[in-house]
Each structure stands twice: as C-alpha cells, then as structure tokens.
C-alpha cells in the first residue's frame, strides 16, 4: 500500500470530529474538509448530509443564497469549517484585513458568513494549512468573528477544534483558549511553540501523535472519497490521490 | 402588461450616478454586458451592494472609477485570487468599505422586501464587522431578559441589476433557484435585467417555470443580451471564459494593465454599443 | 439520503397530541387524508396554525374534538359559507381563539425560518387583533423617533402537515408557487407530507423543478397518497369534489350530522386504513 | 340599449376612484370591485395591473402567500377593497365577531389581511352591499382594522371611500369620519339616514346623484369587462350581464 500522505491524516482527523452528525456544511474551495465530510458520510449509514456552499452543483437548496444561513439559524447545521488569514489565541478569526481597517496593508476577500455561522453552528472546525506566526497570531487585526462571547450572548455555536498542517488543537471553552491535542507525524512540540504566535495549553502527560488512518479507512479515502471529491476538486484529487475526474 | 424593452446603453442610462446598486455574486447570473455599458457611460459614485458577495463585475466597475462605496460580505474572484482593482482601491483608501456578513445582507434585504424598517439577526456581537457599521445597532430582545441582539436597518437598493437565462415580453424573468435575485428585485426600488433570450408566450403560464420566475411587476426594464454574462458563465447555460478571466486578472494587477483591458474590451466602440 | 416512507396511519401517529400543527389554506395543497388519519387515531389538544387561513381540514378536526387552540387569520369555506364546526366551537367557547392577520402569520414563521426570536410588522396598532394577542408587543423602532411598531415572537410549529403533487424517494417535495408550504417546512421542527406520487429519480436534478421543491432535509416522513387532498382538489391537478363538500357543510350544521359524516367517511375502517 | 342596472353604477363609481393607479388588488369573492378594476385597467392604456387575491389562477405572484403583503408593504399596491360584517362611523372594520370575543353571538371567518393592508395601501375602498343599521354601526364590536390612527403611527394607507348599495361616502381624514358624496339613483337622503347606524357629514349644497355610466363606458362594461369577469365569476356575469363563460 502507498504510504500515507499528510492530507490523509488531516482528512482522518477531521472526520473523527464529524461522526454522528446529521448535516455537515463545507465552504467553497475546501478540498480537505470536503473529503473529511465525505468520509464521515460514507460511514454514517445514510444518516449524514453534506452540503457544499457557494457551489451551484453540489448543494440541495432551493430558496436562494439565504437558505444555508437560515438552515444554520434553525439549528439544522451541525458542523462547518472556517479558515482565517489570521487566527488568534482566543479563537478570533480575521478574514478582512491586516493593518488599519480603512487603509489596510493587506486586504482579503471579506468575512463571508463567518460573523454569523461561528455563533450558531455547534461544531465550527477551524482549518488553516499554513501554521506560522504570521497566521496564528497573538491578536487578530480585525475580528470577523469572535472565538468566544459573554455569557448573555446567544451562542449555541463556536470553535470545536483548530487543525493545521502541524497539529490539532482542542478548544477549552471555560478558559477560552486552545489546548494542543495531538501532533501530526514528523512534527515536534518545539516546532509548534516556535511557529505559533499565541500561547496555548498543553495536555496532561505525553502529547499524542495524530492518528494515522488504518487500512480500512485508507481504502475508503482512496476509493469512494477520492472519486467523489474529484468531481468537485479535480486538481486536488489528481495531486493527492492520483485520481482523474471522469467529468 | 408589456415590459419596457431597452437597448443595453438605455439600460445603463437608467441607472443613475450615485445609485445604491445591488449585484449578485459571480456564481449566480451577472450582467457583465450591463456593467460594460455602465463603464462606457462613465457612471460615477455608485454604492455597490453585494448579495451577498461581489466578484469580477465589481472589480471592473471599481477599476473604471465608477464606485465610491462597497457594501458586501466579500469581494472574491474565487480560484483567480484576490480582486486586483478592489484591493488596490482599498489600500489606496479610494473607496469606502462597509463590510458585512452574508446573512446580514440577505436579512436586511428581506426587511425591505417586507416593508419593515429593521430586522434582528443573531451573531455579530463582539465582531469588528459590527464595530465598524455605524448604521447597525445592538438592542434588546423584547421577549427575553438580558438577550442582546443586532438590529439591522432595512437595506433598500435604488437599483438591482441582474441577468437571467430567459424572460418574456411581459417582463417576467426566470431565475430558478437563484432566488437571491428575486429577493433583490423585491427589495430594490427598480430592477433592470438582461436576459439571454426573450421567449414567446408568458412564463407564468407554465406552473413549473412560474415557481422560479420574478413577476414583471418588479421589472423596470429588460434587454435581450445573448451571452450577457460573458466573460462569466451562467449556471445551466455556458461556462465562464477562463482564458479571458485569467487575462483580466493578469492585466488588472496594474493601473496601466487595467487601462489596456478597458481600451480593448470596454471603451472602444464595440458591437454591443450598436445594439 | 433516503426519506422515511410511512403509511398514512404511521404518519398520523408521528404527530403527537398537543402539537402546534401548521396547516395550509384550502386553495393550496391540503392533506385531507392525513387529517382523516388524525381523526381516526383521536388526536387531542392540537394547536392549529393557519398559514395564513384554515378551511375544511380544520373544521373537520375541530368537529372531531382534536383541537384546543386555533391560531389563524381566518377560518373560511369560501363559497360554502361559514365553517360550521368552527363556528359552533367558538360560540360554545370550546376552543381558544388566537386571531391574527395574514402577514403576521407569514412574518412570524419567517422569524422561525431565520432563527431570529422576533420580527417587527407594520399595521395592527389600534386593532382588537393586537389587543387580544398577549404574546405580541408594541415596541420602538430603534432607527426612528416616536415610531411604535408591533413585535411578533417567532412562530415555530412543532409539525407542518402538507400535501403536494409529487415527491421523490429522497424526500424532496415539489410545491411550485405554493411556497407558504416551503416556509412552513423551514419554520417547523418537523414536516410530514403526503404526495400524489413518489416519482423516480431526484427532483433536484431538474433545474426547473428544483426552483419549486422543498429539499428532503426538512422532511421527517412522506406518504404516497393518490387523491390525498380529496374532497379538496389540488391546483393544476384535480378539482374539488363539490358535491361531497356541499354534503359535508349540510351535515356539519349539527353535532348529529357531523357524527354521521364521521361515521361514514372517517371512523369506519376504510381502504385508507389498510394502506 | 338595455337599462343600466345598479351593479353597473357601482362598477362605474368604483372605477372612477382607480384611474391612474399602477396596481389594484382585489380580494377573492369580490365580483363588483373586480369588474371595476378591470374597467379601470381597460382604459389605462396598459399602465395598470390588477391582481386577484386568494385565487390560484388569477394572480401573477411566485413567492407564496406572503408576497402580496410584501408587495403592499413595499408600496407597490395602490388600491385594495375591504368589506366588513360591521363598519362604523370611524371607518373601523369588523371581520371577526359580534358580542363577547371569547364566546361571541356571531362569528365570521376572521380578519384576513385587513389588519395590515388597511394601514399600508393608500386607497382602501370599503365596499358593503348591505347598507343597514346592522352593518353600518355606531361602533364595531371588534376592530379588525382601525379606520384612523394617531399621528405617530406609520400609516401611508387608509380608507378612501365607502360604497354601499345605497350611496357613496367620501372620507374626511381630518375629522376622521364619513361624508355623504352621492346617492345612487332611486335612493334618498332620508332613507340613508334611517339605514345608517353612524353619524356622517353632508356635503355643502345639494347632494349629487351617483353618476350613471355613459354609453361608451357601458359598452366597455358589457363587452370586455363582462367577458373577463365571467371567467372568474361566471354566476355573477351570467346574472348581471347575461354573459356565459367560455371556460
């Protein structure tokens, strides 16, 4: 069997956080979260729905752009993925700009639905492949969506995990901070300290390595999931799985 | 009741300088042919509203100097990267930015659709989106104790500009599941639309089509425009012209390059202008 | 994801006693077959919500003793006159009445659809509708001085019960322009639907059909029920059975007559019960 | 030419209040207002829309039951008709009940959209064919929609005229009451005083008779309008115009 690639470890780790859910939504341009959602769906015995936002073809909605947000507001969306140009130690997410807001040094597309979905979707999984002090910062320059809220603010949703190309963080909702959960194979805690701009907690005892998918899971990822994801993200599927889309 | 049929330049002339102009995202039905006509007539001081995000159409209008204010949840060219003219304008503080979040745009348009002066929305509290929106307020939920919630004032565009695969001579316009375009038409004071084809008969007579059709009641003017979304595509119709879009993004990285694009595709008398 | 297919009696058993049950008006798609199954299982204490009005379906459920509360903008049998069992129950103070106005029902359902706790609405101030609705409040428009406006709490039915011409095995249900039924499904915790026919394939694969289709996401259970609206008709399908409806209205003028109607058409083991 | 019938006088009088409008909405089961709207549309040179509410076939809306009310809220509905089991001298309308609300002596279907449309539609034409002290009362038992509002209440709409089988009343928005405008042929001011349960103002000078439609208008009513209305209200068209529906 071909060696496990880092993408497969991420897919496996994310899918473990989706099992048992009824509806997982994935933003556009998110092949790894998308593959993870498809993996979780594959083993849900027909009990999980996956929707892809911002895509004309891969969604099952019929009431216009508002429906996916209405669905989330109704409590019918269990998990969603959020990235950020910057993410800070209080799980704040910045999708807007670096520097002064009215005349920024860098400007990104914008907050999209984050300022809402982060509040109402129970499991928001933060996902950032570039794990550096530039992206994981002490304090974001602009809060598109805050990680935590005061007790009187309606907030059924919020951050559930933060996953990067180096490690997986758990979220401590009481202390309102991240705690290192596992380190991906080939990476070290020293490297993570060095590359993270914010302070984070460590687990008690030894820090586990992020699981490598077993052969059963690998065969689902490389078979069914790779095939399905290649219809949405052909370049990704070709690069990671060597699968060519039939579309 | 028959619709007012316009040439594309007549349509552009009916969108006044300074208008609050609602536009759909690139993945819906965008009237790029109308955007080019607006650039040709040198529209000024537009306040763009992305429903809920903006793309190539907005980047071009910004580059051409037509825009003062951008109110949107995002400006994105998706796989083509950052929107170059938008980014340059923002960094140069040439446009006023009103950042939003997608559901806030939809909800505020729904308030106008319903004729209510405001609508509440969950989320947003503690964000810098809210901090920078002086037109939004945090208030109380009158049905609960100590439950702050954001109040959004109704968002009423002066004009909604949309594109669609088919329309009819009564001004009925089929948008199918792209119902944010129907919401735009309900919410805006006036709606102008370009359609690939004006078909015979009445779209409302077919119960299947009627479910996805904006009634002519809302439509101030309609222009038949074959490939009116080009260089974008339309879902269920033709694909985007990827080569052209790539060329645009390359050129639009600089002022000079954008001017070259304008000269070649917009300013020069084109076959469109003769329509 | 496959839908849960139910027999009509299973469907009725999934609508619990005491449920806040949203029903469409007679001129939309009404599941009379499900109403009969509810009467057969002697459902109790229902809180009916008319979206926005009620008709034969509600009159029968009221007559059969299934209903405690009626929340609606009207109960009407249109050309057949006043609803006899509703009128008798109201005059006998047997049911609690919550009068509304059509747009208030729609707006309060939209609040649930959006997950917002309330929505404002114009009108109503100075009416006795408002005076009798202790659950509605008059508040301030935070964006204007001295501008009172009614605040409606979100209306969230436990169950929406609808009928439709076609569904598919994924639970997708086409309602066309009868979108109050889509709003009901979005707003309610659960939606049960009877359809004339469960067709092959996926309704979402046809862009024309998709525009008028409620996604299976919202559907808790579906029952194939040929002529499920009878004795009402369905728009674009079959006509109402006027002779039967006239006979119902004649019989339902008295308790005894209504009992006779029940015995003949509902209580007795019918072919429906065997489904 | 056949003699003018009372329905034709009503149709003519109502239509005179609709000329120049862009969108007139008519409730279900309203043949005379419907015919008046069609007459006004016929002479609008294609500038007026007429929609029939509560009818599946005769409306051009596509966004469900809420749309007609949204349209009114947007200011896109210029005129609408309202009836009442009771109408009082302050133009209050009762569509709900007579007697105690929770255990009434008489119960009617309900308020429908009146509690909203009366506030937002600029010209609401009150229409009641039974002009007696039982229907035109001093004070309604239940206010489905109030005739007038305090100055601080948002109220772009309200009563424009009250038309009955005996006469036409104008509305005095300052004094918040009705003023007799004209008396239909064959009726008298004494009869109207006797049959009206509320006080009303009289015009200065002689009280005019309600106009009889001229031959041009009559030919439109009996031709085009009769034909169109027969598709919606075949029984009405057959009785009044002797027209048989082709449907």
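Order as written gives the chain letters A, B, C and D; numbering starts at 1 within each chain.
Simple rule for what comes next: a residue touches a chain if its C-beta (ideal position, glycine included) is under 8 Å from a C-beta of that chain, and two chains touch if they have at least 3 such contacts.
Just so we're clear, the structure is a prediction, and the values are computed from it rather than from any experiment.
K.L.:
Of the pairs A-C and A-B, which shows more C-beta pairs in contact?
P.N.:
The greater number of contacts lies at A-B.
K.L.:
Rounded to the nearest whole Å, what is the centre-to-centre distance of chain A and chain C, using the mean of the C-alpha atoms as each centre?
P.N.:
Here the centre of chain C sits 40 Å away from the centre of chain A.
K.L.:
I'd like to verify one number: the distance from the centre of chain B to the centre of chain C, where each centre is the average of its C-alpha atoms, in whole angstrom.
P.N.:
Chain centroid spacing, chain B to chain C, equals 37 Å.
K.L.:
Suppose each chain is reduced to the average of its Cα coordinates; what separation in Å results between chain A and chain D?
P.N.:
About 60 Å separates the centre of chain A from that of chain D.
K.L.:
For chain A versus chain B, what separation do you get between their C-alpha means, in angstrom?
P.N.:
Result: the chain centres lie 30 Å from each other.
K.L.:
Which chain D residues touch at least two other chains?
P.N.:
61-63, 66, 69-70, 73, 120
K.L.:
Could you list the positions in chain C whose residues touch two or more of the other chains?
P.N.:
Those would be 103, 107, 110, 114-116, 121-122, 147, 149, 177, 179, 182, 210-212, 235.
K.L.:
Chains as vertices, touching pairs as edges: which of line, ring, star, complete or other describes this one?
P.N.:
other
K.L.:
Where do chains touch, given as pairs?
P.N.:
Here the touching chain pairs work out to A-B, A-C, B-C, B-D, C-D.
K.L.:
Sort out for me which residues of chain B touch chain A in the complex.
P.N.:
Chain B reaches chain A through residues 25, 27-28, 51-53, 72-76, 78-79, 82-83, 86-87, 90-93, 97, 99-104, 106-107, 110, 121-132, 146-149, 177-183, 235.
K.L.:
Show which residues of chain D lie in contact with chain B when the two form their complex.
P.N.:
Interface residues on chain D, with respect to chain B: 23, 46-49, 60-63, 66-67, 69-76, 120.
K.L.:
Which of the residues in chain B come into contact with chain C in the complex?
P.N.:
My answer: residues 107, 110, 114-122, 137, 139, 141-144, 147, 149, 151, 153, 175-177, 179, 207-212, 235-236.
K.L.:
Where on chain C is chain A touching in the complex?
P.N.:
Touching chain A from chain C are residues 1-2, 112-116, 172, 182, 186, 204, 210-218.
K.L.:
Considering the complex alone, what residue numbers of chain D touch chain C?
P.N.:
Checking each residue of chain D against chain C gives 28-29, 54-56, 61-66, 69-70, 73, 95-97, 101-105, 107-120, 142-146, 149-150, 152-154.
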